[in-house]
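Which chain is which? They are A, B, C, D and E, in the order written, and residues in each are numbered from 1.
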Amino acid sequence: MELCLFLGCNTPAIRPDVERAIRASMPVLGIDLVDADNYVCCPAFGAFPSTDTDSWLATSGWNLSIAEQKGCDIVVQCGSCYSSLRMGREHIMHHPDKKDRVNELLEPTGRRVEGTSKVRHVSEVLYKEIGPETIAGQIKKSLKGMNGVVQYPCHTLFPSEVVGFEDSARAPKGMRQLVEALGANVNSYSRELQCCGGAGGFMKSTPEQAIEFAKSKFDAILAETQTDFIAVSCITCLMHMENVQNTLNKRVGEERYKIPVFDYNQLLALCLGFEAKQVASITNVSRDSVLSRIA
Amino acid sequence: MSEFEPKIVAFFCNWCTFTAADLAGTSRLSYPPNIKIIRVMCSGMVDPKFVLKAFLNGADGVLVGGCWPGDCHYINGNFKARRRVALLTEVLKQYGIDEQRFWLRWIAASEGNMLKEVADLMTAKLKELGPSPLQQMGQMVG
Amino acid sequence: MDLKGSIPDLWKAIYNTGDLHHCFNCSTCISGCPASFGDPPLLVRNLARKVILGLEEELLNDDTPWACVSCSKCEEMCPMDVKPFEMILSIRQWQSANDETRVPPSIVEIYKRGYTQAVGVNTELRDSLGLPELMTITKNPEQLQMFREMLMKTPVVSANDYMFGG
Amino acid sequence: MAEKKPTGTVLVAGAGISGIKAAIELAEVGYKVLLTDASTQIGGILAKLDYQFPTDHCGMCRMLPMVGREYSSQYCMRKSLFHENIEIMPFAEIQAVHGDAGNYKVDLLKRARYVDPLLCNELEECIAVCPVEVADEFNHGLTKRKAIYQAIPHNTPKLLAIDKQACTNCGECVKVCTPGAINLGAQDEMVTREVQSIILASGVKLYNTTEFEDAKSYAVSPDVVSSLAFERMMSSSGSYRDGEIKRPSDGQPAKNIAWIQCMGSRNRRQKRDYCSSICCMFALKEAVLAKEKGGPGVESTIFYMDMRTFGKGFQQYRDDAVEKHGVNLIRCRVQGVMRNPDGSLQIRYFDPETNEFVIKDYDLVVLSTGQIPYETHKKWADLLNVKLDSRGLLATEDYSKIRLAGKPGLFICGSLMGLTDVSEAMSSGIAAAGEATKFLTGIGADTVKEEEIAEPTAHERELSLVSVAICKCGEKTGANGIDYELLSAELQRYRGVGEVNVIDSMCKENGETAALDILSKTKCNRLLIGACQPFMYRQNLKNVARKAGFNSSLVEVFDLFGIARKGMTLPSNKEWTLRAAHEVKADIEKLKFKPALHVSTLPINQTALVVGGGIGGMQSALSLAARGVPVHLVEKDGQLGGYLGNNVEATVDGLAPMAMAKDMQLKVYQNKNITVHLNCEAEGTVGTLGSFESKLVYKDSDEKIYLHHGAAIMATGGHEGATSEYGLGSSNLIMTQGQLKKGLASGDIDVGGAENIVMIQCVGSRQKEGRHYCSRICCMWAIANALKIKEKNPDARVFILYRDVMTYGFYEQYYSKARTAGIIFMNYSLDNKPQMEMVEGKPVVKFMDSILNEEIELPADLLVLSTGVDPEESNSKLAKAFKVALNDDGFFAEADSKWRPIEFQQVGLYLAGTAHSPMPLKSVIMQAEAAAQKAYAYLSGREVHTSSVISKVKDALCIRCQRCVNICPYGARSYDDMEKCINVDPAACQACGMCAVECQNNAAEVTGWSDKQLLSVIDAKLMDELLLSPVE
Amino acid sequence: MATFAKLSFNKDELNKELSGFFKGILENGAVDAVLAPMAQGKKGVRLSLITSAASSGAVDPFAPVAAVSGAKIASSLTARPSGRKVAMVLRPCEIRAVVELVKLKQVNLDDVLMIGMDCLGRYENTDFAKFQEQGGTSESFLEKAQAGNTASGDFDVAGACKICEFPAAANVDLRLCAIGSGGGTVHIEAVTEKGQAALEKSGLKIGDNPSGRDEAVKKLVAVRTEAKDKKFAEFRAETNTFQALGEKLSACINCYNCRVACPVCYCKECVFVTDTFRHTGDQFMMWADKGGMLKMPNDTIFYHLTRITHMSLFCVGCGQCTSACPNDIDLMPLFRTSADKTQAKFSYQAGRSVEEEQPMAGFESDELFEVTGQAK
């Protein structure tokens, strides 16, 4: 199966090790990735979707047309990119006038969007296309003996009829099963489904409250689980959940928050035998405690 | 000597408490055989004569069971029963029939467990109080 | 607040999808919203009410739509299918269209280099991880030009072309 | 000779309360009923509810017949139901319906229970040995049951069944079942029955918390339960014990309990844009009960959107819940529930009182789950080959909630009309019976003739001698622990016993013959039969006795095993037998002193009086007239039609009351059975059911006539309320909804240039000072007017200021429609009512917007006030004339707010429509149908049979103190000032015995329950076993 | 505001003066008849119905005797009313019984002018005969009794009277006041408008208030209340068991005289003489079997207790039961002590007011929670 890899901006620019992880594991699991040359911003919700529909959908259309030209679906890791692209596609597909307008704008660029390519999240591909069992069968190393908690990207859940792929967006299972497929024991906790709070303008507009909001989640993890790591599946979650821990430690004046955070693809790649220094090297919360135990 | 087994005459309303007794029976909530149930249509149907007769003829206790307030099949019979019981209690108390020997309880049709609870409690209470002072009277009435 | 000065049709200018009017102010959208923890809180319900009442001034000055984390939980939970997240985007769009200071600077970045981040310029790091060179639009002037020309035809860019001049 | 017509038979599909009610009503008229239910038993949802508002207890038994009690069971309805004309078939599903109205053939699949109730001895040894334990669905999994089980704990007989999905076929139960009642290989059975008419009363499926996506954010723990499950948590036969409400997860007491409303309802996103109507009251009741039952420290909090307390007495209940019981009401729909690590449940909500977010932990969360109608409606539509309407529901005829469109002979009632509360279920059940009766009389179906119980013969009046017949179960002598020989000998020696016969299997044919043989030779004049399940066999056994020549009032049947077993652990056979003998002796005593009874008949004047010529009154009159009953329709005004029929052109749901009233008037005047009296009022009434005499006075001429009638219906209606608030009358820009409605229809009010139109709801309503009730129709009226305005002037902004939008049930769609049309709904609270001030000749409304938490000033081009519905002032005069009660609000007080909504306490008098309380047109019509049916049940014949057990006056002893008159709860006793004696109305008397206690010298006595009998029973109960039998 | 007419009398002329008053109201048409105690020749004083003014000469309202409760007579006269106006001169206890009987629809006061007399007690019938023999008169009794001495030789007023805290009548139109009126004087007090009209018609001069009356009545009530409390305490202490009750009633022969004499036992026939209690021979045998023997008649205690439940709420404490018992059972304290408790339970007082509902006739939904002790 061939999928067009849409990287967005944060991953290739700031966390390319995650990109490396995806590029490493996918082919092992039978997915061939093709690059989306000349792609542009998804666009981020805070950008064109917040200014006008034309610029939003034209930008979405630009990206979608790349995949359509390649004749395959798009696979995305970043939650925001995924949601923006899907919503953009939704608008284009369900509103002929919008589709016409997008194509009118795209026309001089030699592009066109028909909707033939779907937008898929990497976790959906892993969960639905490949499946936890296949993954469990393919791994060379495992997280056995370790406890993890999972962070579902909101953008892959809500609104379920636009972005969803879980049986129930309100009681999702995918991330849990994927992490379990790697041999780890997944702990539940009360605030499992709480948003990380990292996306959008929350952190920018009221950082105090946003950090408090994140703190409640981390406090719940510390109090309720024996977790060794957090598995996320969105670049924003990854970065935010690491950064917040450092901020929180500064606040409380001790190294209380030091739970390693991994993108799931990193864990997968590690279990498939790839080198940590390639697939999981960029972080500001030490991952050593986990890396040393992957066997 | 074997343990004193009090005799309790129980007037149960047909609609609620008698049903509760049925339910207790079928739910295997066994309650003491000391309770001698007499079905009446309504707790408001219990004549003071019945209570007096029961005590005079050897009952150690009398229990009247009716529907909860507002629940009476006959609209308000239980309220009238309550006044009558209050009256009778005053009379009996004077002559040494402890209030603990004469009970009115609301027991709804579904409250089989409460029926058992009340039956157990009353039996235990009467064992504690001992035989009715009337037992020694040897006086049967009609 | 005197509704004499309110604009009855404001909702048409802001969020004319028909979904908005289904709102019956039940508060579902706000009770679990992450940004509702903010100060001031993002109260989606109140935004809907302001749009319906046509409170233009109040809405223009409201910063809270920008605090939204875009998690879309409100959209999932809204019993009336008002699609609150889309409404928030619509309010932002309307604010941007009516107040240039609201136009997010990030779109200028995107206009300039296709992305909000400097994608593909960290070649050293990428090399060290064994990653291939990215065929970014930044590196493809012809494509970037086409992209910019396309955007220039869109309302936000054309109306604020001075921002994109450089 | 006339051709013998077939007896009318009606299939009532669904034995919930509305179905049961319909069945009882039909049976009372004399039709045969086949009452089926898909579940293993009858009772529907109410079987699970121990508590119903407003008394917060039960009262289901009040739906039993008041007159003709002889023919139906007289015990708790939760045990079971019996009526001579009703055949109950539980665990049966309709597979196909062939034929057409008046001639249906119905294929029914009788599901195998695997336990034959006729053989089962109810000793439950099978249950004891069954190794399989599964969650008990009756208690929503809060308790466990075996694979062989009794579905409802109170049921008598027990009606055990085997859950074949759980059953492992191990056969242990078969081994211990001595009567051989269990057949693990039993098969479902198909039967076909012929009926003339069908009433669908199946109810609808209820939303459950495990099946639906939107519940997943809430149902995060076993401690989040549905409202129905919570009922079971509070039930003694559920998980309630020791005065504490316990969390299902760990059995810890639940102190902080939250209710979340509208779970599954009012959800457009989940395609359920309707309100389930009853959940608000359900939650209020549960919240109150939780506080009362849960002991001190229980906090009840309800999260709601609109508290829909629209029914009669609901608003008071809500106010009491808050003020007396301290229930917290929070207007906020929460996004979900989070389970804390300690198991407690966290809810974050926005508190509109403080305008702040609150995070609070609860021990238990109850989801107020509503109805899921579409599935059930689709099923019926397919079976009956009828079409669904655009909403996906079975289509009823215009103006009717009961008659299926285009399908004469097919009716619905109960929750198929949309979730109904008890009162509405009752009204609809009666109305459905009424429609079916109308249909059956139309096709000329016959009724069952009640058998009269003969006057006692001299032989029966002689000194009593009791024959005791004990039924023995076939070969299994002693198997149930009864030593028949010992029992027989014990009883034989007892005074007053003439003979004791042990007869084998009296329930079977050969046993019957044997019994007949023995008993027809007896010298005894009373018969006591001991059988295993008297509830099941009572009728059969009594019939045998009758054939043998016994007066049926002198035949009693007792539960041979039940009495001995009741509440006792199993002692030895001998002990048990002696105990049984002892118990039987009390029965002998009671029978010995019982006089022979007979059922008196009451002559019936077959004319009806209907007071009120509005739509409700006309409907009742037409309905009765259609069945051949002469009706006198009395209207105090100069024309028929009432308020709706003369003032309201259209309603929000597309009905046209004025046109309809016009049409009805025509029919009324054309009907030769109806006499109309205009400008006429009823001023006084004497008499009882079957023979009332009312004085009618014509207002214009002062002429008086005296009308003899057998029953009367109050259908006095109401009218738009008045108010002195908001400057009504001071400006032509301020008006009521009724005035606006008229003005819009006539064109007198032009909204063309209007920019802002403000409507204020609940003016003078739902507050202690004023109308302390919801008028139920104002929200719909406001919406209808607002939509009309929008139609005429789409640019006008219409603001509706409301407290709670009362668009219950499927009216919710009009609320949605109104919002879609751009009508703006803004909430205000009673303690912060909108203020009005005239500025430059225009009303300006100021109020606090609860959403923005800001004072809003609205200049209005029109200010429209919803002033509610007032009862007719003439009600108080009528109440005096007919000696019936009014409630505090001036509406008539029905006999029982839940179970007898159509009747007055006094038999023969009924009420319908707004005379009862404000209600929408379709409900008025339904109640009018129901009232007509109630009256018809007695007016259908020249006489009615009352009951044999009835209170009597021993005139020679009576001192005429009239205490009995005063204490009778049914007004059955009266003092005849002419004859100077006490009279008992045999139809009204329910034999409660209160008169007998109140009467100190037994001049008042209930036959069959005399002091003499009871005193001798007390003797028997207290005598030591052996002493009871004289030593020989 | 009550008004009084003073009636001064010379020695032995009290009844003459009173008779003048009754004559006045009869002659002036205030009433058609007077029911008043009247001397029956030399022996005995009985209530008599006077329809002719000329026949009122022998009235003796203050005679310390009440052979039959006047309430029973009032019932006979008015339960099926004649339509004629009648003045009834009754004792306070009789009037209190009348109040109860009104509620029980056994007395109709529509045409009654109720005249209550101050009561200092009554003698038992036989004692009154002795009293008369000893030359006692109403005047002498009033004088002595007001001084606190009711005893006359070896007898005294009835036990009930000694503990009666209602010497002055209420619920009357007119009151014949002796207490505190001073020697040689009685007062007639008009309590109601009806009474005022009658008093005016009597021709007596109105407007001389007995100044010491209130104080004297109060004092007397205090004395009797104290006596009552003492008596109650004694009786309760000695009759606090069933055995004691049994002993008290051991002389009872089920003659039912007590209930016949009782003004508030208004049944035509007592339930105990109806079919309900007409037992069969084998029932008696059965009861005898139970204890080996059966005292006959057997329903004595049952009867009295039942009577208590029937009439204790209406009991006015007149003591007619005691007077009626042929076996000298002092029944009055038995009924009064019970009545005291049962009436208190319902904050009811027999005879207090016609408006007061008899407790068993009604109910409140929110009351007496202590009876079951159950909360919902």
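Just so we're on the same page, a residue touches a chain if its C-beta (ideal position, glycine included) is under 8 Å from a C-beta of that chain, and two chains touch if they have at least 3 such contacts.
Since we're looking at a predicted model, the values are computed, not measured.
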item	value
Topological distance between chain B and chain C, in contact steps	2
Partner chains that chain A and chain D have in common	C
Greatest separation from chain A - chain, by CA centre	E
Centrality ranking, top chain (CA atoms only)	D
B-D or B-E - the one linked by more C-beta pairs in contact	B-D
Distance from the mean Cα position of chain E to that of chain C, given in whole angstrom	96
Chain A and chain C: spacing of chain centres that average the CA atoms, whole Å	21
Intercentroid distance (Cα basis), chain E paired with chain D, Å	53
Chain A and chain B, separation of their C-alpha mean positions in angstrom	72
Of all residues in chain D, the ones touching two or more other chains	56, 214, 217, 336, 967, 1011, 1015, 1019
Chain C: positions in contact with at least two other chains	37, 73
Multi-chain contact residues (two or more partners), chain E	271, 283, 287, 290, 310, 360, 376
Touch relationships between chains, expressed as pairs	A-C, A-D, B-D, B-E, C-D, D-E
Complex contact set, residues of chain D against chain E	56, 289, 292-293, 495-496, 956-963, 966-967, 980, 998, 1000-1003, 1010-1012, 1015-1016, 1019, 1023-1024, 1027-1028, 1030
Residues of chain E that touch chain D when the two form their complex	80, 104-106, 266-271, 274-276, 282-283, 285-287, 289-290, 310, 360-361, 375-376
Residues of chain D touching chain B in the complex	50, 54-59, 61-62, 74-76, 78-79, 122, 124, 150, 153-154, 156, 158, 235-237, 241, 562, 565-569, 579, 586, 896, 905, 967, 969-970, 990-994, 996-997, 1006, 1009, 1011, 1014-1015, 1017-1019, 1021-1022
Chain E - residues contacting chain B, complex	236, 239-246, 271, 277, 279, 283, 287-288, 290-295, 298-299, 301-302, 305-306, 308-310, 312-313, 337-338, 341-342, 345-346, 359-360, 363-365, 367-368, 371-372, 374, 376
Contacting residues of chain D [partner chain A, same complex]	213-214, 216-217, 336, 338-341, 346
